[in-house]
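Chain IDs A, B and C follow the sequence of writing; residue 1 opens each chain.
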C-alpha cells in the first residue's frame, strides 16, 4: 500500500481532527454492533432472550452455551460442523492452489498444442460463479455419488480458473534470465519449478490461500444443496437449519454461539495474515 | 505478452494442465452446457419425460409477471446494496485517509467483517430485527414503530439490503483507502493553496482520480449483490414476503430445487449467465485489465 | 578448454533473417568478444552457442562435435547474464552450488569447488548472504562464481558489465581478463562497448545488423578496419570519414583540398582519418573550422567542420591546449600511412 501516513495534512488540526476520529469510531461501533449483540446472546440464557429486551452486556453462560453448541448443537454437534467446514475450506484452498499453479506454470513456460484453446477456455470460467450452474452441477455430483461427501463439497468450487490467472500474471513478472540460468545449470522444467519458481511464489501462494480459505469457508448455497445428512453440514450453512420450522422457538443462545464460532476461523485468518491478505486482494484485482 | 524463454517438450505441460482440465470440464463446462441444454426442454412433473420446446421456456419467462417482478426486485436490491455499501465505505475511507497515523489501526478493525459469510451476516441481522426477540425491533416498538419485516415488504427489503451491504463495507473500504492513498498529496495541497475547500477538492480532484477504483468496485459490488447475497436472502426472508425479496438467483434455486421445474430454472440460469458475461466483459474492457496472450 | 566453431550460422525469426551467416573458428583458451550496436544480433549469436536459441541453418561445434540439438546443460557451457540471474531466495553458496547439485556432484566436492571460486572472487565473507544483500559488483562476481565452479568448456558472457557504474566497470573488466587468463577457459563475450572489446578480446567479431563485418585482433581492427562500419565503430572518438575522388596517389575532397595517400586507386572513394593521427601543420591540406573544444586533460578534442563544407571533423591533440589557441581556421595534415580508403558503395576497405 502506498504511504500509510500523510504528514502535515491540510486542515487536519483542531476540531476537524477529533471529528475525523469520532466519525471513524462511530463507523466501527455501528459495524461491530451486530457482532456484539450476537456475542452477548451467546452468553445469556434463553429466557433472557425470549423476553426482550435482551441485556446488552454479556452474561455468565459463556462456557455452558458454547459447550452445548459444540457437543450437541441442535441437529448436529457444532464441533462436527466446524470440522466439516475446515475440511471443505482447506480442500478448496489447497486444491485450487495446487491445480492452478501447475496449469499456470504450463501455460507460462511451455509451448504446446492446444495452449491457446486452453487459455481461453479457462478465461471463460472467470465469468460464472457456481450459483449460475447449480442444477446441472448437482446432477453431475449426484451422478458420481458424491452427495453428502467432502469431494462433492470441494470439487465444483475449485473449477474456476481465477487462481490460474493470478499465478500466470505473477510468473510473467519473473525475469526470463532466471529460467535460462536454471536451464544452463542443468535444471529440467520440474526442477526449476520446485527449486526456484515455487519458493519465489511463496507470498502469492499465502495471499491466495487466505482469500480462498475464506471463500471456501463462507460457502452457503452449494453446501446447502448437496448435504441432506445433518452430520455433513458445514457451519455456515448449518446455522439456518438450526432454526425450527413452524412456531417453535429457536434455541437462540446455541444458534448465536454457533454464529460466533462460524465467524472465528476466517476472522483469525484475516487478522493474522492481514498484510498478505490485503496485498492479495488488491493485487488480485489488477 | 509472452515469455521469451520456454522449455522444450509438450507432454509435460499437457500433463500439468490435466488436473485443471478435468475438474473444469467435469464440474464447469459440462454443467454449464447442461444448463443451456436443459433450458430448451420442459420436464414433466414426474421427471420421466422431457419435451423439447426450443426457446419456449425463455418466452414464458419473459412474459411471466413473477419473473419480471424478480428482475425489478434484483435491480432495486443490487442498486441499494451497492450504493449503501460503497457510500459508507467511501465516507469511512475519506475519514481514514485524513489521518496522519492510525489509519492502519482503523483499517485492521474495519477489515474483520469481510470474513463474515453473508449467510452469517443474515443471521446476525435477523436476530437483531426478529419480530419476537430482536433487540432493535423491541426498541423500535418502544418508540412506537411496529416493526414487522415478515409482513411488510419494504421492511423486508430494507433488512436484507442492510445485512448484505454491511459485510461489503470492509472490502470497499480497503479499495477506496488504497485508491485515496495513491493520490499524490501534492495535488491536494496545491488545490488547498489555490483556495479550494474540502468539498471542492473532493469534487474536482479526488473523485475523478478515484474513478477507476469506483468503477471497478461498482461492477464487483453488483456481481456480489447478484450472487453472493443468496445466503442473506435464504436466511432472513426466504424470498418473501410474497416474493418481495426474491432476487433472480434466489428464483433459480426456488424454482429448480424447491419447485422442481428444471426447465425454467435452467433457462433462468442461462439468462443470468448472459448478464454476468456482459458484466465481466465490461469489467475487462473498461478497467483495462488486459489479459495478454 | 575447448575449441568452438561457427559454420555459416544463420538465424531467422519466421520469415525475417536476423543473422546472415557468421563463420569463425575459435581456439582453445581464446577470448572472443562479439561487439556491435543494439540490435545487431550479438546476443542472439551468443544464445545460439548457449543453446537457448535454435539455429536456423549452419552448425555450431564444440570440440569438433556438432551441438545444434543439444540442450544447454549437455554442452558443458556456463553463462553469465546481464542481470546476473541469481536465484533470489538462495544464499550465495547455494547459488554457486546449484548446477553441481543437479549434476549429482558429491557434497564434499561441491564445498571445495565453491570455496576455490569464492577465494578467487573474494566472495568468502558473503557465502551465506542472499543476493539482495549484495552490491551490483558483488552480485556480478557471484554470477561468475556460479559459472566457474562448473568447470565448463566454454564461458559465455552476455553484457555482464552493462548494469554497473563506470568506475566499477573498469575494475571488473580487468578482473574478468585476469580471471580468464588464469583459468584458460575459451570465452565468448558480448558487449556494445568497444572499449571493453578492445581491452578484453584476443579477437573481436564486429557485428552490424546480423553481419560479421570483421573478425580479428583488436589492434588489427583498429589499424586495418575491413569496412566503414568497423572503422567507425572501433576507436573513440570515431574515425573521420570524408568523401572525395582519388587519382594518382592523392584524393581530392569536395572542398578542393588534396590529400596525399600514396596509393594507386582511382575513382570515387571515402577516406578515413582517425582524430589522433592528425598533426598540426601550417602547410597541411586538412583545413578545419573549429567550433568547440573538449579539454580532457590527457588530450584535447577539437570539434569542427572541414572548411567550405559542413562535414564534421574531430581532431585529438595530445596534452592540454588552451582555449585561445584554438578556434578559427586551423591547418592539419596526416601521414599517408594513417589514411584509410573505402569503397563508397560497398563500404569495403580498399587495400593498398
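Note that in this section a residue touches a chain if its C-beta (ideal position, glycine included) is under 8 Å from a C-beta of that chain, and two chains touch if they have at least 3 such contacts.
Worth saying up front: this structure is predicted, and the values here are computed from it rather than measured.
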Suppose chain centres are the mean of their C-alpha atoms. Which chain sits farthest from chain B? C
Most central chain by CA mean? A
Report, in whole Å, the distance between the mean C-alpha point of chain B and the mean C-alpha point of chain C. 61
Separation of chain A from chain C, taking each centre as the mean of its C-alpha atoms, in whole Å: 57
Mean-CA-position distance for chain B and chain A (Å): 16
I need the residues of chain C touching at least two other chains; which ones are they? 52, 71
Do you know which chain A residues sit against two or more other chains? 180, 183
If you look at chain B, which of its residues touch at least two other chains? 5
Complex interface listing, chain B residues touching chain A: 1, 3-7, 9-10, 12-14, 16-17, 19-21, 23-24, 26-35, 38, 88, 91-92, 95-104, 106-121, 123-125, 127-128, 132-135, 137-139, 166, 169-171, 174-175, 178, 181-182, 185, 188-189, 192, 198, 216, 220, 223, 227-228, 230-231, 234-235, 249, 252-253, 256-257, 262, 265-266, 269, 272-273, 276-277, 280, 289, 291, 293
Contact footprint of chain A on chain C as seen in their complex: 50-52, 71-73, 77-79, 81-89, 98-99, 102-103, 146, 150
Residues on chain A engaged by chain C in the complex (per definition of touch): 175, 177-178, 180-187, 191, 195-196, 199-200
Touching residues on chain A, where the partner in the complex is chain B: 1-7, 9-12, 16, 20-21, 23-24, 27-28, 31-35, 37-38, 41, 49-50, 52-54, 56, 98-100, 102-103, 105-116, 118-119, 121-123, 125-129, 131-141, 155-156, 158-161, 164-165, 171-172, 176, 179-180, 183, 189-190, 192, 214, 217-221, 224-225, 236-237, 239-240, 252, 255-256, 259, 262-263, 266-267, 269-271, 274, 277-278, 281-282, 285-286
